[in-house]
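First chain written, first letter: the chains are A, B, C, D and E, and each begins at residue 1.
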Amino acid sequence: MGGGRGGASMSFEVDVTARRGDAVVGATFQAGEGSTVLFGPSGAGKTSLLMMIAGLLRPDTGRVRVSGQVLFDAARRINVRPEDRRAGVVFQEPRLFPHLSVRRNLLYGAASAEGLEEIATRLDIAHLLDRWPRTLSGGEARRVAIGRALLRDPDFLLLDEPLASLDRARREEAMLMIERVRDETRLPMLIVTHDPEEAERLGRQIIRM
Amino acid sequence: MGGGRGGASMSFEVDVTARRGDAVVGATFQAGEGSTVLFGPSGAGKTSLLMMIAGLLRPDTGRVRVSGQVLFDAARRINVRPEDRRAGVVFQEPRLFPHLSVRRNLLYGAASAEGLEEIATRLDIAHLLDRWPRTLSGGEARRVAIGRALLRDPDFLLLDEPLASLDRARREEAMLMIERVRDETRLPMLIVTHDPEEAERLGRQIIRM
Amino acid sequence: QRGPLVLAAASMQEALSAAADAWERKGHARPVLSFAASSALARQVAAGAPADLFISADQEWMDDLARRDLLAPGTRANLVGNRLVVVAGPEERSLAKLRGTALGQQLAAGPLAMADPDAVPSGRYGKAALERLGAWPIVAPRIVRAESVRAALALVERGAAPYGIVYLTDARLSPKLRIAGIFPHGSHPPIVYPIARLKSARNDKAEMFRKFLISAQGQQIMGRYGFTAP
Amino acid sequence: MTDELETIVRLSLLIGGVATAGTLPVAFALAWLLARGRFPGKLLLDGLVHLPLVVPPVVTGWLLLIAFAPAGPLGMLLERWFGVSILFRWTGAAVAAAMMALPLMVRAIRLSIEGVDQRLEQAARTLGAGPWRTFATITLPLALPGVLAAAMLGFARSLGEFGATITFVSNVPGETQTLPLAIYAALQRPGGEATVWKLAGISIAISLIALIASELLGRRQGRRLHVL
Amino acid sequence: MTDELETIVRLSLLIGGVATAGTLPVAFALAWLLARGRFPGKLLLDGLVHLPLVVPPVVTGWLLLIAFAPAGPLGMLLERWFGVSILFRWTGAAVAAAMMALPLMVRAIRLSIEGVDQRLEQAARTLGAGPWRTFATITLPLALPGVLAAAMLGFARSLGEFGATITFVSNVPGETQTLPLAIYAALQRPGGEATVWKLAGISIAISLIALIASELLGRRQGRRLHVL
């Protein structure tokens, strides 16, 4: 299916539209190596776009390629199932599994428990591992969601306002971690944020919707 | 019950503790006129504190007074019911009523439909009035939640990260509106935020937890 | 004015309905007929439910009401009688002998359908007859106890059991089945359906209808459905 | 349709409808208590509600008979307060049907109440709604799938109710003879199969209509629920 | 407890247990289809599932008899393939009980499945779980309150099942004579009340134990559910 991982090829090649209610949302862009920031007003369709790339919302038309792999192509009737896309998704709401402990939430998509400790420590959630999601504060839940997406060993990351409702210190730590992932593993990464400073720091490329 | 509204008296006089799991959260502070920002790391107990002032979480010990009115006093066994506290609460998650249209969500706590139009226009949600909550984007839902709290004609406001996940333009508009409420109606206001700039602008007083 | 309320054993359904039709044709208000198991009806009467006439499928429940002093004095009578038969599916042989081991072995070849021999009247008569004829010990383990005599009949009709013990009135109404044998008089206590007016009766036609049923005309109508004189 | 058949069908609908409508608020109250209440004897109440399911219908009918007999505790009260008796009356049949439907209805509603997110109720409280308004405008509508399911189950169960009814209020044509009792009567007659088929067909048709109605209602409702 | 009584109780537990356990997966599959599926004839399937509720139990028993009689369509298949017949056997009683319990179980599970937030299933999919793993680790556990309720309802209903059982497999002591059938037999004779009370008491005790067990299980589970 042409094109290796990472390297010189494009990370995200997206050209999709989907109907949402009366409106049609969508975007066309190509992003190079590293991380890309998605910037745009509320309701512009950022979340919808992420869902289309993750395979959770079927575009009406267009194509999605990530690292050269075709994930969706309306014309060629290709639609890779979400579980086979290997995306690490942090949703806008935490979406933690309420019947699983924090530990089992974190490990849900992980091949092994390896890495759990390090990520939990960095995200400052190590003390929460045996708690139930409903007892977490807003920021705690968000950090668990980030950890869960990273531990899934993804081929690319889709982060919908991952740092919202985090205080400075933890935001900084999380941002450092995302930067480290970006630089060390060179995973393609698409980040939604409303914070220009964050956008500046995280995104090699900024896409405005 | 002593003390008039607003004026020279203290807006919030809080001294509470509550057990949450293994930990005990709580705070002691007095805030003067105008708005107060609650600042603190994730998990510090900001949301819990707001819930105690709103009457949704019963403190184990202590007192809550707002504008001189006793809302809670463990020693005197006073615990005003949430519906009688007249708080305008914006929760950390939107908590919109899924079975009511946006319009009916907005008007749920309102005495009349007066003011709906103005607030909807300012929050840029006028075009969403006939939609169902589940079709809203993250930022849209949050703005509806802000509108709902304001339309309830509250005696004081409790805002838990009200501006999270809003883009610059809408954040600015919402902030202007909150400032206007603060200055015109002189409602006591307690705002949780992680953004120092926001804290600076909105809070006459900053409380660190 | 409404006709009297008659509580009657379920097996009387056709015969009593025909009698009620005849009564109506004579210019009276049609009696209201409620058919159910005798036990259920008797309990309703015992609880004080207001009805006019009661027709039981056996003496036992009528005795029970008599003991409770719920019957109008002097109104108890035997309405009709019935015979007990063995029915068989169309392929089964008729009963070679109606006695002893031979009878037992033939009946016990497959499941034997009959109403509960410890509870339901027809089952009790059947048990008495089989005991008297010396076939009970062989047959007992093969018995399937149906909820009512009609349910036993249905089992034979469906081929679930080759033979069944039912009333003659039931057997005659089933075109698919043959009567393989009739139990002799004296092999079981006489099968009689007693009738009585209840103390709670308020309908002034109740006594007239009761008399009509035991009159020659009433007997003749019910005789058409296979009931015998008591 | 013959007159007789029409009477049977009308009576079945009346009894089923009254039993369902009458039981719904009771079932809701019980479901609420069981879902949200904390009181001693809760398990006992739960057990009591389930009894009509566990005990064979004839026994339930028999117990109703004892209770509502003229000398029975409830029968005496009814007689004294209202001067009525429900023995052999369609009202008694409705009571029997209601009794048998109750556990099914309570369970369905309870499951839905347990599914209501209490954070939404909290939000309503801060918006000035007292417990009653919160209940009427938030909890009840959000539990509506369960209420609809309960109504459907209750009506269907009432339509099929036989054992308790015949034991309690007999099989009186025009008063307590519903479809199942008429079916029973037909089944007692060898060769009555044709009537059984016809009556069963009518039962099924009625319940299918009720089912479709409840599904369509539920579908309209369902679209709105379920995402914060 | 006399030997006879012990046999009856053991048989009731066996039949109730087998009927419940056997129906649970079927009920879950049907509930799933009805909650999530979109296919033509869905309403029809829904209606079919409800039939045993609407039609009087004797008719259900009678239809089972027709189907499983030696010459009946299912009876012939069973005979040909497995060389068995379930007529007059406890297995037949379990089939009758299962049939009657099915609609109740489907409804309970369906309500719970409809209450599962599909956004959580989406999250599981992005974490690499295929539809089956998502089902087993997310949907099923989140629908557990409904499954528990279904098991409870099914078991209770089986324990009380009378009409279909006696019509279908008769009352064969030691084989198909469950508690309700024994109770019915006792009710047929004047003076049988004492036995009725005793047997009904045993039924109630068994179901209360089952109820408490399911409540406790559900409570453990409930604590975890219900907040994102």
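As a convention for this text, a residue touches a chain if its C-beta (ideal position, glycine included) is under 8 Å from a C-beta of that chain, and two chains touch if they have at least 3 such contacts.
Just so it is clear, the model here is predicted, and its values are computed rather than measured.
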Length of the shortest touching-chain route, subunit A through to subunit C: 2
Third chains touching both subunit E and subunit A: none
Mutual neighbours - chains that touch subunit B and subunit C alike: D
Most extensive contact between chains (C-beta pair count): D-E
Longest centre-to-centre distance from subunit D, chain (CA-based): A
Subunit B and subunit D, separation of their C-alpha mean positions in angstrom: 44
Between subunit A and subunit D, centroid-to-centroid distance (C-alpha), Å: 50
Centre-of-Cα separation between subunit E and subunit B, whole angstrom: 50
Geometric centre distance via CA averages, subunit E-subunit C, whole Å: 35
Multi-partner residues of subunit E (at least 2 other chains): 58, 62, 119, 163, 184, 187, 226-228
Subunit A residues counted as touching two or more neighbouring chains: 93
Sequence positions of subunit C contacting 2 or more other chains: 154
Chain-to-chain touches, reported pairwise for every pair that qualifies: A-B, A-E, B-D, C-D, C-E, D-E
Touching residues (chain side subunit E, partner subunit D) in the complex: 43, 46-47, 50-51, 53-59, 62, 103-104, 107-108, 110-112, 114-115, 117, 119, 145-146, 149, 152-153, 156-157, 159-163, 179-180, 183-184, 187, 196, 200, 203-204, 206-208, 211-212, 215, 222, 226-228
List of subunit E residues in touch with subunit A within their complex: 119-120, 122-130, 137-138, 141-142, 144, 221, 223-228
Residues of subunit C defined as touching subunit D within the complex: 5, 7, 10-11, 13-14, 32-36, 40-41, 43-44, 47-51, 148, 150, 153-154, 157, 170, 173-175
Interface residues, subunit A side, partner subunit E - complex: 54-56, 81-83, 85-89, 91, 93-99, 108-109, 132-134, 141, 148-149, 152
Partner subunit B, residues of subunit A touching it in the complex: 20-21, 40-43, 46-47, 92-93, 131, 135, 137-140, 143, 160-161, 164-171, 194, 196
